[in-house]
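In what follows, a single structure is set out as structure tokens and then discussed.
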Amino acid sequence: MKLILLFISAAVVNNFVLSYFLGICPFIGVSKKVSSAVSMGMAVTFVMTITAAVTWLIYHLILVPANLEILQYVSFILVISSLVQLVEMFVKKISKPLYDTLGIYLPLITTNCAILGLALFAVLREYNFMESLVYGIGAGAGFSLAIVIMAGIREELELAKVPKPFEGAGITMIVAASLALAFMGFAGLISV
Amino acid sequence: MGLPTFKKGIHPNDNKSFTNHKPIEYLPIPEEVFIPLQQHIGVAGDVLVEKGQEVKTGQVIGKSEKFVSAPVHASITGTVKAVDQFLHPLGIKATMIHIEKTAEEDEWETINAPENWETASIEDLRNLIWQAGIVGLGGAAFPTHVKLAPPKEKEINTFILNGVECEPFLTADHRAMLEMGDKMLIGMSIIMKILGTENGYIGIENNKPDAIEIMNELVSKKFPAFKVVPLKVKYPQGAEKMLIEAIVKRRVPAGGLPMDVGTVVNNVGTALAVANAVVEGKPLIERIVTVTGQGITEPKNLMVRIGTPFKTLMESCGGLKESAIQVYMGGPMMGFAQYDMNVPIVKATSGIICQEKSDIFKKKTYPCIQCGNCVSVCPMNLLPTRLSSFAEMVKLEEAEEFGILNCIECGSCSYVCPSNIPLVQWIRVGKLQVSESKRKKVA
Amino acid sequence: MNLTTKMIVVLTVLTMVAGGLLSYWDGITSPRIEAYRLEQLKQAIAEVLPDHESYDEVKADGMILYIGKNSNDPEPVGLAFEAIGNGFQGKISIMVGISLDFKKINAIKILEQLETPGLGTKIVEDPSNKEDRFWFPNQFKNLITEPQIDVVKNIKPGKPNEIQAITGATISSVAMATILNDGIQKAKSIYQLKVQ
Amino acid sequence: MDFTAIIIAMASLGGLGMIFSVGLSIANKKLHVEEDPRIAEVIEELPGANCGGCGLPGCAAFAEAVIAGEAEISGCPVNSDEGSQLIAEIMGVEVTTSERLIARVICQGGDYETAKKGVYQGVKTCIGATFAGGGDKLCSYGCIGYSDCVESCPFDAMYMNDNGLPVVINDKCTGCGNCVEACPRDIMELHPESHKLFVLCKNLDSPKESRKICTRACVGCGICVRLAGEGNMEMQDNLAVVNYDIYGSDPVLPTEKCPTDVLAILGGQVIEEKQSA
Amino acid sequence: MAKSKTTLRYEFLKGLWDENPILKSLLGLCPVLAVTNSAINGLAMGLATTFVLLSSSIIISSIRNLIPNQVRIPAFIVIIATFVTVADRFLAAFFPLISKDLGPYVPLIVVNCIILGRQEAFSSKNSVFRSIIDSSGMGVGFILVLVALGGFREILGSASLFGVTVLGDWFQPWLVMILPGGAFLGLGIFIGIANWINDRRARA
Amino acid sequence: MEEKTNEQEDQKSGPEGADPSLEKSTAPEKDGEKQEPVKKPETPAAKPKPAPAPKDPRDKLFKPEQTLIISSSPHFHTHDSVPKIMWSVVAALVPATVMAIYYFGMDTLIMIGSCVAAALVTEIIMNKMKGEGLTINDGSAAITGLLLALTLPPSLPISAGVIGSVFSISIGKQIFGGLGYNIFNPALLGRAFLQANFPVAMTTWTYPNTEKYAQIDAVTAATPLAQFKFDKIVANYGDLISGNVGGSLGETSALAVLIGGIFLLIMKYADWRIPVSYLGTVFILGGLFWFFSPGNYPDPVFHLLSGGLMLGALFMATDMVTSPITTAGSWIFGAGAGIVLVIIRLFGGVPEGVMYSILLMNAFTPLINRYTRPKYFGEVRA
């Protein structure tokens, strides 16, 4: 039950994008079309899950015993970026369609706050391995939810007569603001 | 629940009382006619006459050897004054043959009709229909002989005679059924013989009870194999796909033709023309035109020669009123606006409607409020609002994905749109662009 | 050097340099950070406990009891501990100072909370209340904890174990009471087990 | 200073670094997918307007086509010669510079010059108007005037003048041809810069008709043909036509002899000067 | 990328407006949104980011020829992360209150797209000196926007600026401005205004 | 589409004799953009005009005997129009408005008036800024202001209402492009903004000025939902129907709202599927919880009658701009909103979730539209 609540909390109530402002760059950049948003969402969820697992291991098996918490950021980011690059190369090699729908988004993700943020939050909140993993999946689902909704809205807005200065990023921010207001309805639903 | 019909659609005021009680009048042979070479879907014919040449009524003056095409005939006896570009009622300049009347009485050049059509070969009959230049008189003007020559693998088992006339104002088909039902049914029998089918339906909307009654009577007397089907009054019941769904509950696949579901549909006027050609050897040189609307002094149903300028018809109806502000060819839902009354009647002209007031003129257009009215009436189950925005924003791929090419341009969506958006016009733009970009891709 | 070796060497050297540098920096900064943390803790304890000179720490079950002492007084002046629980949005952690019999709260200090600004954050301070910005946490001063802390709404508390909820943030108010009630129970059992 | 701590740190992070660099270098060998690096270089040099002027769905597609040898290096109408040169360097070949094309507006029938046939109501685009008789101008061949061409120009090289006619700003026009595609009446034409002489009309009506339709229509009087000389110009369907293969680049023609002023010698200047009066 | 022609002056100034990392390139938005609930936080964040940006540019541009392309990104990131840790610890040790307010967003500078983006686009291709100019321009542009946005949100949301009350009692603070919604809203309006000004400038 | 009338047409060709195009020969010079002509073009302005020539060369041109309208089919149109629909909605809100004034006094009228006025003024200002024609006549801005006012607590300061109204129209509607293009319901977005902005004022309720509450001297009241949520007190149905309870101005009387709503449904200005599925889902889902645990959860009828559900379901979820256009979409929209509502009401941190449930479904509407596109006639989908 705790894990389920943790998942919902990470995905909806404390949405990474809408309440923690993590991963805004891809949220703005890759939300023009629903199809690419879905791919991006999947890619992020995938990387988040790996990240949650790997960084937990590194932190608890290497850094804490050696009393090297100061290396947290460097080691996390090194591991994440290398892993992502490996996965990208692997995907590119084995399947062209998979690469086209997922792979091309992977390099973008390395420089995504949401991933590192996830790793740091998991450490900060002292999750155990399972919790950490669920948190990763939940956060990924939350990111996907936000970006897919945003992409749907932006596709619709293509047909709208948004004033010129607000086209693109401006209106996207306003929509994000509205989404954040709407998601406040879930405030207090779960406090994990 | 009652009468059969199709899903969705609209109920505009039918306005048929202007002319539905007026018998067909024969318009005197006009002084001059302008006969466009292209009055049908398909290849335009080549001109067979020269300036100054004498022609007889029924003489072939333009034709092409291509299959999807129909010859055109002189509709009066006279002299060719010119072969030149004139304004076509579709708003374009087109090559027409201008003939001036020389004889008060027709001198006929008929086609060789067989003694008895019932024994004639199917090939001969079809050839006869081609020679007579018969095209669909229901509006699309598709050459009838092509329609009656389905590929072998498509077995045709149903024929539907389209007496729906769902467009408001028009009563030409209605009067034809009342006055010439007999001949029409002979035409229908001929068509069915060519198609080799046994099941014949006659679809008539319930707002023409007299036509239903007369047809029923004729059918029960002479053509017991046919079935008259009264239909619920709803626009666009007359569109082939809707009619087929209403009567035989078959759905023509997207991008397909009625023959894909073993059906052929023809207009009542077409059947009449077939009978004229096969029984009397008369090519298609005249048709019934409803001249109606508040803007004309005396609305009438007229039998007129093809090529007669609109002006002539209007004069015989007492002339256009001062107050008229819009004239269109065809019904108010699909008709084409006219600005020059010198344009000629073509084979597809079912009516001339003169309006004193316009529903859309000066009405403000608002942005789409997403009310979904258009979606809920589109008989083709499309999303007109999206199609029109896609066309406006030139998003051709989306437009195609959303099925823009399936729109039959019936106008139901524009009719109900509270924002008064010219949806159909945008959709037409989109259709054109989508098919162009498709063609480019193929090339 | 071929590419592969170059890749390996560059990255290894880089990471080694980085590791060394950071570790050196760690040596400089962490004592300060630790000192600051202790300072904060001491200050919080000082705020919730009556005057004392030093405190002892008793650790058990993930909770630390700070027992405040004066050198000339054999009896401790009181007890402090950190109570943690769920608020409206996330964790609330409160430093509680309480009497040794666990019957009366001395004072509390909220260390961390994530409540909605302007609403739930009134548990810490209420800038719109001009007379007493700290009226809510001040209610806990000398609050009786038995049988338990209760919350009332929209009326002045009648009993010594009652506090008044914040308008528009009943949930946060109730959460505070719950966290305290639970924390006190836990601290009490630890105290009884370990100290007495 | 605690040196052991520093050494441990260096060793652990260095170790991590080594592991991943080894992993990456192996992956780099084993999983490498060949892709022509020149594609990226070519994309760098392209203007990135994604206008489709090259006939391909975008700059990236054009780059791929260039590399594959399927497209001309100078095939991007927007790119500067310098840019093409850079691409050529990447490809290692010489560029053939083609003559610059400029879009011309072949109609002078603005709101002021043409007869009106009625009141148009509906979609205010040229192509939309073709579904309703072609707007409110009587001429069936001339500019409809609802600015489809202007909208289609990706380089802001066109505008509508007060007279309801499009105008090309020569310096900005890249000859991409979008406007030519957009115009349902084929009023926009692409011409090499060297074409100087133009008959700015498309009306094929008989002289009698065209006189009634527009004050600036070619009425087919044939004066220009006679002046220009046989073969250099001719009359086709009531319209004078310049034979650009042999004429029109350096014409010495008294254009003012044209009774309706449709004959024009256009240098690099904006056509508007010719059209607005 | 033949940028060599541009003047140094432009190299610096472009970061302030023409290529402002936030308003134009829309990079590094997370910290922008997360920490701008007050002007002082914005300033601190801006300074920290600029520090990291500047120092890593120096290092990367000086060793740019040594790093093989394939490990470019991991190498850059390690360098950046090192400086981030330095900055983070510095704040924690010397400015604990600000460090607490900025929370986990300081470490997130590591993945701030601006920093990596500048390294990729500029430092790895240009000399140390040019990189310094470029980074300082970008950094100043970043700080300016952060402080402006922070100030805007602080005034509306807390009726104060840099912690000093500026609006009187009559003003009921707009709490939404210090909530997530307000962050997005504020940035959206900023971007809109920036574009509007640009449009005007382009037309003039 | 700008309309063109005959008069305008005439004006366009200018006053008799004057040659408008002469001025145009000095058309805006764009520096550097024009090259010098190879040979100076002969413009007629420079050409000596033949002296007795007709004043206007166009005199020779064809003039139609009767100016006819050229438009594309169809030429028929319904008599519905956007303003007609919008003003009908305003009319349908009259009962609820009257009840609000009855229960909460004349201050209510001021609040409603200020909100509507603020909405209209903002609309005008935005129109001007965007350089477009005024759009207040279409009535949609008035609805937004009115609906916003009806969802506010009676004791809210007028200034807050005005701020919300301005936000609704500017950010909620006009920045998206104006009528028809907004993604979120403007009135609700305005309310959500206020809720986040002034959380205390937005959750402070007063009792209606009726006898029942005359003796109670509490300044602040609790809404029936809050009473249930925090104290498990169920209000009586009679009060809920008539509106004799604490709550937002226009939401307390379920009956008044229902009357207006039914009028809209009959006129087909609102899609009946949305209220039916919304209310139905709440009834069923709420009922299930109640059935299994009546002590913890309120009964379904209470769900329907309390809070802003009626107002939301009939007037706000049905806003056509922000709800799906497909029929399947409407069902999903209503059901989704119902589920979200029940979750928030039963488990959320806030007592009422109508606003949030509708806003959330607004966000999903584009996706719903996308995935519920009906199969077009004869379509075969892979």
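We just call them A, B, C, D, E and F in the order they show up, numbering each chain from 1.
By definition in this document, a contact is a pair of C-beta atoms (placed from the backbone, for glycine too) under 8 Å apart; a residue touches a chain by one contact, two chains touch by 3 or more.
The shown structure was predicted, so the numbers you read here are calculated from the model rather than taken from an experiment.
The chains that touch both subunit E and subunit F are A, C, D.
Path length between subunit B and subunit C in the chain contact graph, taken as the least number of steps between touching chains: 2. Here the chain at the heart of the shown protein, by mean C-alpha position, is F.
Across the assembly, the mean Cα position most removed from that of subunit B is the one of C. Chain centres computed from CA atoms place C at the largest separation from subunit F.
Mean C-alpha position of subunit B lies 41 Å from that of subunit D. Look at where the CA atoms of subunit A average out and do the same for subunit E: the two points lie 21 Å apart. Per-chain CA centroids place subunit C at a distance of 34 Å from subunit E. One simple way to say how far apart two chains are is to compare their mean CA positions; for subunit B and subunit E this gives 68 Å.
For subunit F, the set of residues that touch two or more other chains comprises 1, 3, 5, 64, 67-72, 171, 175, 177-178, 181, 193, 196, 199, 349. Counting partners per residue, subunit A has 68, 70-71, 74, 78, 82, 85, 159, 161, 163, 166, 171, 174, 177-178, 181, 184, 187-188 as the residues that reach two or more other chains. Listed for subunit E are residues 70-71, 74, 78, 81-82, 85, 89, 175-176, 179, 181-182, 185, 192, each touching two or more other chains.
Listed by label, the pairs of touching chains are A-B, A-C, A-D, A-E, A-F, B-D, B-F, C-D, C-E, C-F, D-E, D-F, E-F.
Contact residues of subunit E toward subunit A in the complex are 26-31, 33-34, 73-74, 77-78, 81-82, 84-85, 88-89, 104, 107-108, 110-113, 116-117, 176, 179-185, 187-189, 191-196, 199. Across the complex, subunit E meets subunit C through its residues 66-68, 70-71, 74-75, 78-79, 81-82, 85-86, 89-90, 92-94, 96, 157, 173, 175, 178-179. Of all residues in subunit D, those touching subunit C in their complex are 1-2, 5-6, 8-14, 16-18, 20-22, 24-25, 28-29. By the touch criterion stated above, subunit C contacts subunit F in their complex at residues 88, 116, 118-119, 128, 153-154, 167-168, 170-171.
If you check the complex, the residues on subunit B that touch subunit D are 84-85, 87, 91-93, 336-340, 360-361, 422, 425-426, 428-429, 432-433.
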